[in-house]
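Down below are the structures I want you to see.
After this come two complexes, each holding subunit A, first together with subunit B and then together with subunit C.
This part shows the complex of A and B:
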């Protein structure tokens, strides 16, 4: 066992794995930020179901929610011209996550009492002012646990990128796997991969739960 | 001279001449999804009931199961079953890995749905049942679970949709599922465009009716003021 630990966790291997973790976290960060921006926009527009853009947003959301992520990653990787495969596949992850965020935002928006809009209008707020100062701040406060859960899902979803050979954490683990021969070494690497993902995701899920608890106590 | 447009007509014609691989992939995806769903439901019900049990040890077992399977990516779990277990001498077919891997993973999520469902049934129901001399098992069997089923149907259906989408991880281990069929046809014929469109359409046909049913049913429950199970963590 000690032997296996020494062969697996050599200095270059550890640095390589750390690099993979860095890539995973960076991709997740970009994807989450962009998806929240685009997803909020989609969620807002989606509420105007009778209008053209509302229909379009609805179509987008249904399309992405009912087809697998891997399909979009492969599709983007091979059909978008130019750029690196990493960027193209991450764009797919972003487009996919935005559809989920849109539904979360919409759920939050619909839980805001209608009186809030009316009160804001009667005070002379314009449509965009109402959104920016009254509605969205309340919405985001409500959906923070759901958004955090989506962050966890996104971090896990980046592991699909390994299927396209992108050097994120899962793929870097696979590369190291290719260099070892003993069963104990293989188990050690899988254990390490699982442990790191677990630490990251579990920490976030504890945050989700404590936030949820505090908020439901406030209500 | 053939057009080089990724969606050119001749590419579609070629795809439909090779449609056999798509239909067998579709069938494979359907089989894996149904069996994995059955497994996930069984695990989910057990985990859900355990996680509301009075016994701390039983509750802990359920908790550990849920946390482990929810916080490690499915891809890692599948890779582990494919490479790791094979290395230890346990060689499983891709089909088995699909059913067991996806089933165990979604079992954790369904467990949380079932748990939320049980907790959503008012506590007075359980107390009333005990007062009438029902045992714990009888209370669950006759009072709690039947009331819960209706309420958890929408989140369960959403889980089924995620499960179907997640069977596509099999493509990464060459599992002969729909995604794999589409990807291997695409890279062999270079007809990426039509290939992914057709695969997307086939997944959509499976998932969209389920997702629509879930939404409509949830609205109906809300309008009727009946038990609606709110899953705060929308994960997957």
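This part shows the complex of A and C:
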């Protein structure tokens, strides 16, 4: 076992894996931020605009939520012209995650009593002011737990990119697997991958939960 | 009313989905026939000043990323360099794109790479979709088994479970050979070679079957490679079906290098001769 650790975790290999972690985290960061922004927009449109755009948003959300992520990644990577395969496949992850976030946001919006709109309106708030100052802040506070679990899912979903040869964390592990021949070394690498994903996601979950707890006590 | 809306959504989405699928087919055939300017020729490569090659980055000795330098190295990379040297006069004028068995076909079709040199086995079926050069390397499928099973060859392996890699042609080769002996074997597919080795060590499969050049790297005290050699597999350079000129040019080079022992030199350099 000691031998395996020494052959697997050489300095270049560790640096190579760290590079993979960096790519995974960067992709996750961009995808999460963009999909929360776009997802919120989609959720709002679907909830409050019942005409053409509402239906369009609804169609988009249902289409992405009910089809496999890998399909979209392959589709985007090979059918969109230009750019790198990394960017194109990440766009697919973003489009998919936005659809899920939209439904989470919509759930939050529906949990806010409708009377608040009327109350705000009577005080001279416009529809958009009501959304920005009254409805959305409450919505986000309520949906943080479900949003968090979606963020964690998204971080893990980036491992799909390995199938397309994108050098994120899982793929960097696979490249190192290419050189090893002993079973113990294989388990060591997979164990390491699992451990790092766990550390990232668990830390995030603990941080957000404690922040949420402190924050809701202040309200 | 709500039900009708739901029905409408379902119908609309299926129509769009089917539409997306069929327009996809349409666009590729269109690209094949009308976009003559997209053709990759020796002249267009010279104009671009770089040869774009799809290679493996996780296969030892053929194409493996060196975690120390970040460069991909191996026999196939050397071939790519030689091609670049011949076409562009500079062995470094290459752009390597890592491919997997899943991505190499589409990347070739959408023009992101000029050619694929990535342990791509030449088959009659694949020849209908891509141009292949003659083999730059010939390999045969072998069987790595546990010594304590006392197998002497495939003959003894009735109802054995054989571990093979996904999307590989190995299982077809073994099945046809097994039929001649009148025995049947089962197959389990794995994503990577070390996983198959792990399955062999833990007893989940009875044999690890892949090309002999790769098997040699997994030989240890408790295992042996059986003498069987089935279905010689030719690794060829693949180009897009429409790029006939490029395919011909590459083929001539491979033929020349085969005759003047250039290929053999590279094969022994990477420890691939048996």
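Following the convention adopted for this analysis, the second predicted complex is superposed on the first by the 200 of 219 C-alpha atoms of A that agree within 3 Å, B and C clash if a C-alpha of one lies under 4 Å from a C-alpha of the other, contacts with A are read in each partner's own complex, and residues count from 1 in each chain.
Criterion: a residue touches a chain if its C-beta (ideal position, glycine included) is under 8 Å from a C-beta of that chain, and two chains touch if they have at least 3 such contacts.
Keep in mind that what you see is a predicted model, and the values were worked out from it rather than measured.
Aligning the two structures on subunit A places subunit B and subunit C in a clash. Once the two complexes are overlaid on the shared chain, A:71 sits against subunit B while remaining clear of subunit C. In the superposition on chain A, contact of A:187 is made with both subunit B and subunit C.
Here subunit B and subunit C are compared by how many residues of subunit A each touches, and B touches more. In the superposition on chain A, A:62 makes contact with both subunit B and subunit C. Once the two complexes are overlaid on the shared chain, A:170 sits against subunit B while remaining clear of subunit C.
By the touch criterion stated above, A:133 is placed in contact with neither subunit B nor subunit C.
When both complexes are overlaid on chain A, the residue A:53 reaches neither subunit B nor subunit C.
Contacts of A:205 after superposition on the shared chain: subunit B is touched, whereas subunit C is not.
When the two structures are aligned on the shared chain, A:79 is found in touch with subunit B and with subunit C.
Across the options 7-15, 43-51, 61-69 or 97-105, subunit B meets subunit C in a clash only at 7-15, per the superposition defined above.
Touching of subunit A by both subunit B and subunit C, each in its own complex, is seen for residues 62-63, 74, 78-79, 163, 174, 177, 183, 186-187.
Partner subunit A is touched in their complex by these residues of subunit B: 6, 67-68, 70-76, 79-80, 83-84, 87-88, 161, 165-169, 171-172, 179, 182-183, 186, 192-193, 196, 199-200, 203-204, 207-208, 211, 232-236.
Subunit A contributes residues 62-63, 65-71, 74-75, 78-79, 100, 104, 145-146, 149-150, 152-153, 156-157, 159-160, 162-163, 170, 174, 177, 183, 186-187, 190, 193-194, 197-198, 201-202, 205, 208, 212 to its touches with subunit B in the complex.
Interface residues of subunit A, counted against subunit C in their complex, comprise 10, 12-13, 15-16, 58-59, 62-63, 74, 77-79, 81, 85, 163-165, 167, 174-183, 185-187. Residues 9, 12-13, 16-17, 24, 57-60, 64-68, 70, 98-100, 102-103, 106-107, 109-110, 112, 191-195, 197-198, 201-202, 217-218, 220 of subunit C are the ones touching subunit A in the complex.
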